[in-house]
Each structure stands twice: as structure tokens, then as C-alpha cells.
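Okay, got some structures for you below.
Across the two complexes that follow, chain A remains constant while its partner is chain B and subsequently chain C.
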Partner chain A sequence: MDALVNVAISSSFYIALLLLLALGLAVMYGLMRVINFAHGEFIAVGAFVVLVMQRADLPLWAGIVVAPFVVALMGLVLERLLIRHLYGRLVETILVTFGLSIIIQQLLVNAFGTSPSGMKAVKGSFSVGDFRFSVYQQIIVVLAVLAVIATYLVFTRTLYGLRSRAAVQAPDAAAASGIDVSRSNMRTFVLGSALAGFAGALIAPIVGVQPFMGQGFLARVFTTVIVGGPAALSGTTAASGLLGGTQYAGEAVVSPFVAQAIVMLVVIVVVRWRPRGLSAAWRVSV
Partner chain B sequence: MTTHDTTNPAVPQRPGQPGEDDVAVSGRRPRSLARHALGTGVVAVLVIAFGSSLDSSNQTRVGLWIIYGMLALSLSFVWGHGGSFSFGQTLMFGLGAYSYGVVTINFAGSVLAQYAGMLVGVVVATAIAGIIGYFMFYGGVTDVYVAVITLASMLIFFDIARNTSGSAWRIGSAALGGFNGMTPIPALSRPDGIPLLAAEMFATLVVVAALVYLVVVRLTSNSFGRVVAGIRDNPERASLLGYDVPLHNLLVFMVGGAVAGLSGTLFATTQGIVTPDVFSLTLAGSVIVWVMFGGRMSMAGAFVGAAIVNGVADLADRLQIGGSTPFFGQTPLLLGALLILVVFVLPGGLLPSISAFVAKRTGRRAARADDSAEHEAAPVEALPPALRPHTGTGDSIELVGLRKAFGGLVVIDGVDMSFTGPGVHCLLGPNGAGKSTLFALISGRYRPTAGEVILNGDKITTLSIHQRAKRGLGLKMQVPSIFRELTVAENLWLAANASPAKGTTCDELAQVALRWSGLASRAQDVAGDLPHGQQQWLEIAMVLSGRPRLVLLDEPTAGMTAQETQRMAEVIGVLGGDARVLVVEHDMDFVRQLNPEATVLHQGRLFAKGTLAQLREDERVLDVYLGRGGHA
Partner chain C sequence: MKGIPDDQQSSQATGITRRGFLGRAVVVAGGLTVGGPLLAACGGDAAPGGAAGGGSGPVKVGSLLDGTGPLSLYGEPMVKAQTFMIEEINAKGGLLGRQLELRYIDSKSQIPNYVAGARELVGDKDVVVTHGGITSASREAIRPVFDQAEKLYFYNQLYEGGVCDKWVFCTGVVPQQQMKQLIPYIAEVAGKRVYTMAADYNYGQISAQWVRKFVGDIGGEVVGEEFIPLDQSNFNSSLARIQAAKPDVVLSLLVGGAHLGFYNQFAQAGLKDQIALASTVVGLGNEQQVLSPEVGEGLIVAMPYFQELETPASKAFAQAWQKRWPGAYINDEVNSVVLGYRFWAAAVEKAGTFDRDPVIAALESGLTIDAPEGEVLMDPVTHHVHHAVSLAKINRNKGFDIIKSFPPDTSGPVFDRCDLIKNPDMHTQITEAT
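Then we have the complex of A and B:
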């Protein structure tokens, strides 16, 4: 029984973490078909916001609240300056966002050095039988779920959500019916940036905050979104479940190294049989 | 490495002096290779001469740019020429480097092992490219997904390589070394075992790079390369002509992998160490910056881009202002800014922009102005023998219970049809009746939800588009599907090359098709610039070049003048004497000229069948067309 609880709690953390990290990217990809190669750096900036605030002796939760706004603002500026000129040109968007990612990395290095210190760990744990769990990990799981629900509500219950879904499915028809596609794209980019900042802030206490931290997530996050396919939320959630669950199972049974190889195999198999992602054949668009 | 034109076949070139009757069809001539070889040789000699004036540390430094140039060349070939955006091209580079290290460390002191190591590096890189490429291209992964998949694969190797510290991770006596890398990797030696001097190594690199460059240029301009250019431009048309698109994409990716692997082995032998950084995002991104800067369509641009970007980065790194080095370690800022700048300001890259500028100044394309006065072109003869299928009369096509649903929307709802032998048959029906979908099911663009397509007694339901094309099926699409970036001549060459005829060369066949199509005066124009009617004729000439025995024509007269429509009716009449022709058309005047048997399709079902006269008597058919009554 304890072992089952352990499996449930541990695997849900793996899945929630992946979902949290991928969410901002999935929103941008799902609602505007932009693959943001600077997503990892957006996450890193969110984490650095927390670091800076901790150095100023402000509490962690303050950083978690502020970081999404900072990264959203950064996203807004970059979208207006660069990204909006590239809509519909996927390759160019990738190139420019990649250019941004290495610039942001270098700026972080210049400002903080390659191994900044000052991040406090979050204490607190509870046990179930012989297993001990970190309280903070459970908080992350809960907040990740809340983030998904909030995003779902934004997509389905707001005029912006409706418009942006219309814009990605039929840009011409959407524009013809009076939807300002450029404006809804801007909002999507800002929303995606905010989610990246939120993810970065949340993980700041449990990973090393350093300028290259985004690179470490990139492969996992990208494959999650690609495996998820066009439906931003349901697809990414399913992919997080599949890949995060596989990663957990592999690590628990064999080793992290083997787990990664198995995850790659799963990705390859999915891509081979569902090249447009799990949700490509689904009838939901969110 | 040369100052020549780009190797992009999409750029129209005037080959030789085309005479009145002999318009060059293939667009490129072998002499351009000889020219390239000569030019490359001259540049190589100049670079070696320049290198000998450097001290040995600078020789090593510039030598690394040449190695990086080869890596960039592999990406230009895969991405610029082949159209597959491989973001993880350095995966193959790194595999080449590690493989070389493993072999040479295990057989240290053996000169033979060094050559073997290079071979192994190339083989391993090619094999991994083959495996990844198989899953991508046969899985139908395209566009930016190729970038994401290759990148993710590379980053996974990055993780793996970083986790190989410790004594457990060794292959023979070569420790992989984890984060610190694998070392010491022996430097390349002369046959007598003495390591090459820096100057000798430099000359070797230049010669190897020049040879690899020539091979790659050859692969962009020979018939394989032209087919690849066509696939990059319009994969669907390429497969409709009978080309195996996934196979070509895979081969290009593997060649790129081999070149990247080779440059990786050279990297390992000149650096003496390989670290997981060969799989890093930094290097992968750098290659993209070099290629974008030089011009991704230009194979020479790869070397120019690698040399200039690395040169500037080196200079900036060491630049001293008032005793300090303000730009030390800031190369990423330069690379990032350069990448963004190139995308916005110089999207074609440096070399193509320069050659376009030179071409404009020297007026190489001035002659085009004469041709553009000619607006209307149409075949002057009905159909030359070379474009006729000369079929037996036994060809048959059968559709059995064909059904196609997209999600819950049933577009084709149980269609049975059968034709034997040549003749013309029209498919009629209002918009949305399912006519184009039916063609897509026959040609293989869609797989049916249920039912069978049977050609000459064989079930072809699960065959791919190009396999059906090889069995004599030709499709002209509703919106002309041509190679828009290639010239008219190249379009027709690709069509002829896909279906070689006995006793006729591919060039001759393309020549016949070109003259027949009435587009001879526009042979060297980019096909996408043609007016709509001429694009129709071009596509039809391409379809007929395959001499198909089952021809599907989807609205062939859209955008044509009355005179052209008349001509089209005559062409179809002749064609119907040899082949089975199915025509979808809305223009009833045109259909009357054909006066065929016809089938009316309505809401995905066969609704009525008969001669045109019979159908015109049929009240139900009129209802369907006029939207009267309740025939659902």
C-alpha cells in the first residue's frame, strides 16, 4: 500500500513537472504555431527573478508571484519588436528565437556569472510508511494542475481564447470576421511567456539556478509538445503523462540513464506512427 | 570555397547558347562542374598559400574554420538543397569525432588505425543519420518537426556523453570521459608515423575540404540533385511523378551525416580531445548561424560563413581597447545578434545576395524581358507520339466500396466504379460532391477508410503515391501542382526523368514536352511566375511526360482562354484513344466538346451515370445541380 502511494506521488511529480515546464511552449505552439526556442531561457529568467528577490531577503512566494509578470513583459517587448514580423514563417521564428536564447543566456552570464549562489532550499517533508516526500514537490504538483485549469478557462471562457483558437485554425476566416489576429497572437505570446516565467520561478528552489539551465529542459520539453500535437492542453497533458510516467518508471526500475533512452524510444515510436502528435487525431482543439 | 554562382538549381541559369530548335531542357550542364573544379582548385591553392604565411597556431585556428566549413556544408546540403531543417546536424559531427577517438586510442601508434578511424567515424555518423532519418522521413515528419526531432536526438546524446565519466564507460582502452571528454586523441600522421606538421595538416584539410565540396556540388547538380531540388520545392508533385520522396530525403540526410561525420573525425584529430560539447546546443546553433550567414542555398557559402563568423568572433574575443578586452567571451551575443540580423536583413545569406547583385549589374537576365511579351501559349499539335502511352487495351481501374471519412464527416460514401480500356469519362457534381477526394483516393494522396482501389487486377489501395505513379497513374491537380521555384525546363526534365522511355533520352522527351506545351520561349523562367493558364499546360505536359495509362484531370481548363479550352478538349480526345482518362470539370461547354460518358457524384455517392445527353434529360441531375427538391 505504501509502495503504491509512493508510486502515485512520485510519478505525479514527474508528470506535473514536465507539464509545468512545457505549458508555456505548448500554448504558443497550440495557439499560434510558434515554436519558441528561447522557451528554456524564459524559464531561466523566471528562476533568476526568484533568485534576485531571495538575495533581497524577500520570500519565495513573492518571487513566484512576480516572475510571471517580469517574463510576460519581456515576452511582450520581444513579440512587438521581433516575433510579430515572422508569423506564419516557422523556420524564421525558430532562428530568431534561437538567436534570442543565446543572447539571453550570455546576458545572464554577464550579470550573474556561470554559477550564481544565494538560492535557498525549501525545507519540509512528510512520510507515508517508509517513504519520505518533499512538501514543496506536492505544492508544485498542485500549482501545475491549477495552471493548466486556469489556462483551460482562459481558452474556453474568454473572448480572447475563442478568438485565438479561431485565428490558429483558420487565420483568413478569422481575420475576415473581424478578429485582430496580430493582437490575439501578441496576447498568446505574453501568456506563454508568463507561464514559462511561472514554471521557472516554481522550479528555482529545486534545480540549480544558472544561465544555462534552460538548455537542460529543452529536449524534454520540446519532445513533450511535439508528442502532444496540435491540441495545446489535452495533447501536452497526455504527452506529459506518457513521457513523465515512462521517465519515472524507468528511473525507478532501472536507472535515469536507461529511463532517458526508453523515453527517446517512446518518442520515436510515437513520431513514427503519429507524426503530427497524439492529439492530431482528436476532436478537441484545446 | 569558390566565388562561383550558387549551386541552387532554383536560380535560373542560361545554359550554353540555346538555339531556336534546341532549347536546353535540363537547365544545367556538366561544364559547370568542370568550371567548379577549376575554380575550387584555384581557391584551394590560394588558401594553402595564405595558410603557409601563418604561424602554426594560426594555421590550426584557421584549419578549424575549414573543418567547421565542412560541417556547415553538410547542413547546407541537407537544409539548403534538401529542404530538411536539421537543427541537430552536429550529432553526426560528434559521433564522427567520438568514433575516431575510440578507434585511434585503441590502436595508438598505428597509422592505419587513423585512416580506419576516419572510415569508422563516417560509417557510424551515416548509420545514425540513417536510423534517425528513417523514422523521420518514413514517419512523414516534415518542416520544423525535423528541426525539433534532430535537436532532441542530439541533446539526448549530449546528456548521454556527459554521464559517461568513470571507468565503467570505456570502449576498449578509450575512456569516454564524461564531461571532461575523451583524450588524448592522436594527431594525424604521415605514412611513416610522424605526426603532420601544422602546415601539412592545414594543406590536408584544404584538399579534403575541396574534394568534399566538389562531391557535394556534384550531388546538387546531377540528376539526383535535381530530383532533390524538386522534392524540396513540391514533394507532392514529385511523388505524383513517381519519385520516392522519403527515400531521397533519407539519402540526402545520410550524405549530410557522412560529411558531418568526416568533419568530426578531422576535428578530433586536430584538437586531440572530444568533449560532450560537440553535441551542445551552442555548436549546433553556431553551425546554423554560419550557414544562414553564408547563404544556406549556397554550398560555397558554408565555408565563407564559417570563416567570416568565426574570424570575426575570434577578433572580437581578442580585441583590446585601453588594455582590456571588452568582448572577451561575448561570442554568443555576436552569434545571436547576427542570426536575427540575417533573418531580417539578408534572408538569402551573403553569397547568394552578392551573386544576385552581380547578376543584376551585368544584366545576365536581361534577355528575359523579350519573352514576357508573349502571353498566350498553347500546344499547336494535338499530342506527339512521344507523349502517348501506347497502351494495350487491357488496362482497368476498379473502385470497390470506396469510403472516406474525415472524423465524422463522410466525404466518399461507398463508391463502386469500373473502367476497362481507353476512353474518356467525366465526373460531374456540385461543389463538395467528393470529386477531388475521389481522385485523391485513386492517386494515393488519401487512404480510404474502407474499400479497395484495383488497377489491372492488383489491389493498390495501400500503395504510396509514387508506387501508383510508377504503375501508370497520372494526376493533374485542381490547383496546378508544379515546381514553382524551378524553371519550366527543370520542371519538364523532372517529369521526363521520372519515367524513362525506351529509345528516347530524358532530355529528348523533355524537349518534346516543352515544345508541345507551347512554353519553349519561357523555358528558363521560374515556373511560379507563369500565368495560371500556362501553369495548367505545364502541369499537364508534366503529367503526360510520364505517359500514364490512367489519367486523372481535376478541372484542367480552369484559368484558360476559350481557345485554350478548345485545344484541351482536342488533347483529351486524342489521349482518350490510348489511355483511360477521368476528368472533373465544371465548365459544361468544355464537357459538351468532350461528349463523354459521365457520372454524377452527389454527397459522396454515385448519383447517375450515362451519356451527356441522357444525363441532361434526367430531372434528378438537374435538381442536384440547381439545388432543387430534396434528393439527399
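Then we have the complex of A and C:
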């Protein structure tokens, strides 16, 4: 029984972490087909907001609340200046966001140095049999699930959500029916940025907050969103379950290095079997 | 979406067609293939022009370091240290009456840039020596370049030991000095069951072999050993295995920014009160400042140099350093870089020339110099430095408390099976497994 609880606790964390990191990109790429190579840096900026607030002796939860707004603002500025000229132009978006990621990394180094200090640890652990787990990691699982549900509700139950889906899926028809496509895309990009900032803020206490922290996530997160397929949220959730679960199993049974290879094998099989992604044949709205 | 054929759906939404995408992608790929190496080779050069390497005028010193990119975590203190050393030497009138001119190539945390940069530096007739390389991976990528060109190369960084190469001098501390003091001490204060967490590349792999040797020497047991890819930041499975193995101490050979997460997650799982933490590398990236006190306090390390050392040599150096780089913590990397430049400069002065063979002979003549860690001797047969080693632990104030200091052990070579005076044609690395 203990072993089952162990597996449930650990695997849920792996899946939730991947989903949380991928959520912002699922909105940007999954919904809008904007390839944001600076997604890792958006996450990093969210983490740095928490760092700055911790240095000012503000509590962690305050940082988690503020970070999405800060990154959303950054996303707004970048969208109006750069991204909105590039909708539909995939290759140019890649180049521009790639350059953006380098710029943001170096700005973070200039502002904080290469070894930034100030994060405080989150205390609290619990035992299951012989094993101890961090309470905070389970909080991340809960908040990740809530974030996904909230995003899903926004896109399916609100007027903004309906308009934004229309603007992305049928821009001409949407414009003809009076939807301001440009503003809708802007709002979606800003939402994706806010979600990335939220993810960065949540993981700040558990990973090292440093200017290049976004690099390690990018490949895995992109893979998850692409494996997820056309239904951005449902697909990414399913892909996170599959790939996060596979990574957990691979690490638990073999080693982290082999687990990465196994995940890639699973990706190859999925893309071969369902070239357009897991959710290609699903009849879901988002 | 119903009603629209699949292959038209995405292009209708985004305006992209397969042909258009492929066409543009080819252009971009072509541009990157041509432009990439050009940019890599050009980037970061300082004053590529300058006087020809002749009798008078400035003499060029080559440098290959990661000043930018993720490894600038380790590169930035080293770049500061090299600037400090060039200025120190030039302020005293240079070497042999000639000023030093630094030709620094920023490898931007990419190994291909190291190789391209090394080829450039050996091709430059005016460069008389190169100091560079940070990770062991970068060193082993460029060492063959210097071997083939038969040019002098200084590797100024802590590493797994064993490089036995006529053209190469290593000023960093090695396991035979560092683990030799660290492992008996942690056995004494924590216990003999050791769990190794290592970065998955040559430094981690080879150092883990040395951990087994030194733990075996004191009658202990390595109860677990893991190799973690450099981009991994989620350590859940490792923590589960550590708890299952019930070690007395976790010995960390983890490297890089992503691996910082291990210490946070270890502390947050509540393991600090059960299992001790020690490391051979913590401090090189100023982790004692990054980690919060609840996470870092009590972590045991062993290095030749800590800023907190109260010796006259240490204090004198710290004063001069703080004038040049106020507020910058002086870690062991700085010590190693200082050693590299001071040994090279002393050898040039002793040899009376910049030519490679007389300088090597001078370095092999039992040369001693003053370092932040104290007076040190270059071991003639291994081309390594006899280091003092101090044990320390991270304190509540994001610094180190010195526990005990050991003077250099000059009774034998730094490590065995390497005699570059008797066997000058060796260009290899000796490991515990070979």
C-alpha cells in the first residue's frame, strides 16, 4: 500500500510539473501556433519576480500572485512590438523569439549576476512509511491542476474564450462577424505569458533560480505540446500524463539518463502512430 | 473543424503552406550554417590586431573561457581573475620588458566554440600560451588541439585529475588532494556509508571512480551512485533511491545551474537532519550564496582556497582583489587562475624567454610561487600543483566556516603513473579505471 502511495505521489508530481510548464506554451503554440522560443525565459522571469520579492522579505505566496501579472505585462509589450507582426510566419517567429531568449537571459545576468541569491526554502515534509516527501511539491500538483481547469473554463465558458478560439481557427470569418482579431490574439498571448510566469513562480523554491534556468525545460515542454496535438489543453494534458508518467517510470526503474531516452522513444512511437498528435481525432473544443 | 480537409486546416488558420515553410526554412538553415561558425569564430575576440610577436612590443596570451551562457556561472569569476592577473603583471612592467595582451575568446558555453577558438589560438603565431577550459569536457575537447600543435596550455580549474601531458599544466586541485582529506573527515563526523550523486559527464564519471577508491581505503561503502544529466532539475527519483539506501552522507559531484535544485529538494523533503551533505564542487559556482541558509548550512567541502582563510597571503590577496572587483566573492577558481598566470610568469622570467621548451623546463625545475592559498610548488613530474587543502562547511551567513587546514603534501608526486620528465612523450589522462 505504501509503495502505491509513493508511486502516486511521485508520478503525480512529474506529470503536474510538466503540465504546469507546458501550459503557457499550450496556449501560445497549441492555440495560436506561435512558436515562442523564449518560453523558458518567460518562466525564468516569473521565478525572478519571486526572488526579488523574497529579497524584500515578502512572503512566497505574494510572489506567486504578482509574478503572472509581471510576465503578462512583459508579454503584452513584446506582443505589441514584435509578435503581432509575425502571426502566421512560423520561421520568423522562431528566429525572433530565439533572439529574444538570448536577450532576456543576458539582461537577467546583467541585473542579477550569474549566482543570484535570495530564495528562501519552503519548509514542510511528510512521511509515507519510510519515505519523506516535500509538502510544497504536492501544493504544486494541486495548483497546476487548478490552473489547467481555470484555463479550460476561460476558453470554453467565457465570451473572450469563444472569441479567441474563433479568431485563431477562422480569422476571416471572425473578423467578418465583428471580432477584433488583433486584440483577441494579443489577449491570448498575454494569457500564455501569465501562465508561464505562474509556472516560474511556483517552481522558484525547488529549482535553482538563475538566468539560464529556462533552457533545461524548453525541449521537453515543446515536445509535450506537439505530442498533445491540435486540441491545445486536452492534448497537452494527455501528453503530460503520458510523457511525465513515462519519465517517472523510467527514472524509478532505471536512471534519469535512460528515462530521457525512453521518453523520446515514446514520442517517436506516438508521432508515427498519430502524426498530428494525440488529440487529432478527438472531438473536443480546446 | 468540420468541413475543411485536414491539410488545409492549419494553413487556413495560420496562412502557412508546406511549400512556403520549407522554402523559408531552407534559407534560414543555410544562413545559420554559414553564419554560425563565422559568428562563433569572430565573437569575443579582444583586439585581434596588435604588434607582431617579435622581439619587442606586446606579447599575446590566449584565453578560452565561457564568459556568457549557462556556464558563465563558472566562467565569470575566472574572467575576472584573468583580467586581474594580466593587470597585475603589466603593472609590474610586463614580462621580459614586454606588456601582455590578452586574446580572449568567449566560448559561450558551447564545446564547438572551444574547439574553433583553440584552433584559432594555436594558428596565431603571436600567442605564446593559452589559459582556458572550464568543464572537463571542454578541456578534453581542446587538449588534442594543443597536443597536435605542440603548444603550451594551462588548465586552471578543479577537476578529476590524471592529465599527464607534456604541453599541459593543471593548476586546479585533484581528488588525490581533495578527496584524500574530505572523505576521512566525513567518515569521522557522519559515517562510512556514502551515496554519490554525480553529473553525467567525464568529470562526474571519473571522480566517482576516485570516490570508490578513497571510500574503500577508509573501510567505507559506496551504497549508491547516480549519474544525472546536466539539464535535469527534478530529483524526485534520486531522493527516493537515497532514502531507500540509507546512507550516512550524500557526496555531491553535481555541476551546473540545473543541479542546484537537488539541494533545495533534499532540504525540503526533510532529509537534512538524517543525512549529511558533502561536495567536491560546491563553492565553484558560489552556491553558498545562492542556496538559502536552511538549505546550504552544514554542507561540507574541501578546497585549497576560501575567502575566509585568515592567513597573511589570503588577506593580502583579498585586499588587492576587492579594490579591483569590489563585492566579488573569491572562490577557488580565482585561486587556480592566479596560480596559472603566476606560475607561467615565473617560468618565463626564469627561462628568460617565451619559447615553449625553456618555459616547460623552468616549470619542471621545482618552481614555487606565492598564491592566495599560500606558497605552493609545481610538481615537476606531473605538471600539477601541490595544494594545501582546507575543510570547511557552509554557515548561516552564506559563507564558509573553516574547520581545518592541511599544508601541501610534497612527499611524492601529485599522482602516480605519470613522470613527464622520464617520459616526455605522454599526452593522456590517467584514471582509476585505467
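What we mean here is this: the second predicted complex is superposed on the first by the 286 of 286 C-alpha atoms of A that agree within 3 Å, B and C clash if a C-alpha of one lies under 4 Å from a C-alpha of the other, contacts with A are read in each partner's own complex, and residues count from 1 in each chain.
To be clear about the criterion, a residue touches a chain if its C-beta (ideal position, glycine included) is under 8 Å from a C-beta of that chain, and two chains touch if they have at least 3 such contacts.
Note that the structure is a prediction, hence the values are computed from the model and not measured.
Because the two structures share chain A, they can be overlaid on it, and in that overlay chain B clashes with chain C. Looking at the shared chain after the overlay, A:Asn36 reaches neither chain B nor chain C.
Judged by the touch definition given at the top, the superposed model places A:Ser279 against neither chain B nor chain C. Once the two complexes are overlaid on the shared chain, A:Gln260 sits against chain B and chain C alike. Which of chain B and chain C touches more residues of chain A: that partner is C.
Judged by the touch definition given at the top, the superposed model places A:Leu17 against chain C, while chain B stays out of reach.
In the superposition on chain A, A:Ile226 makes contact with chain B only, not with chain C. In the overlay built on the shared chain, the residue A:Ser164 is in contact with neither chain B nor chain C. In the superposition on chain A, A:Ser240 makes contact with neither chain B nor chain C.
By the document's definition of touching, neither partner reaches A:Ser184: not chain B, not chain C. When the two complexes are overlaid on their common chain A, residue A:Phe98 makes contact with chain B while staying clear of chain C. Here chain B runs into chain C after the superposition, and of 127-135, 181-189 or 613-621 the stretch doing so is 181-189.
Shared interface residues of chain A (contacting chain B in one complex, chain C in the other): 90-92, 94-95, 106, 109, 215, 257, 260.
Chain contact summary for the complex, chain C toward chain A: residues 1, 6, 10, 12-16, 21, 24-25, 28, 68-70, 72-73, 76, 200, 226-229, 231-234, 236-238, 240, 243-244, 257-261, 264-265, 267-271, 285-287, 289-290, 292, 294-295, 398. Here chain A touches chain C in the complex through residues 6, 10, 13-14, 17, 33, 87-92, 94-95, 106, 109, 113-117, 119-125, 130-134, 136-137, 168-171, 205-210, 212-213, 215-216, 248, 251-252, 255-257, 259-260, 276, going by the rule given at the top.
Across the complex, chain B meets chain A through its residues 85, 87, 135-136, 138-145, 147-149, 151-153, 155-156, 159-160, 163, 280-282, 285, 288, 292, 329-330, 332-333, 335-340, 343-344, 347, 407. Contact residues of chain A toward chain B in the complex are 35, 82, 85-86, 90-92, 94-96, 98-103, 105-107, 109-110, 215, 218-219, 222-223, 226, 257, 260-261, 264, 267-268, 271-273, 275, 283.
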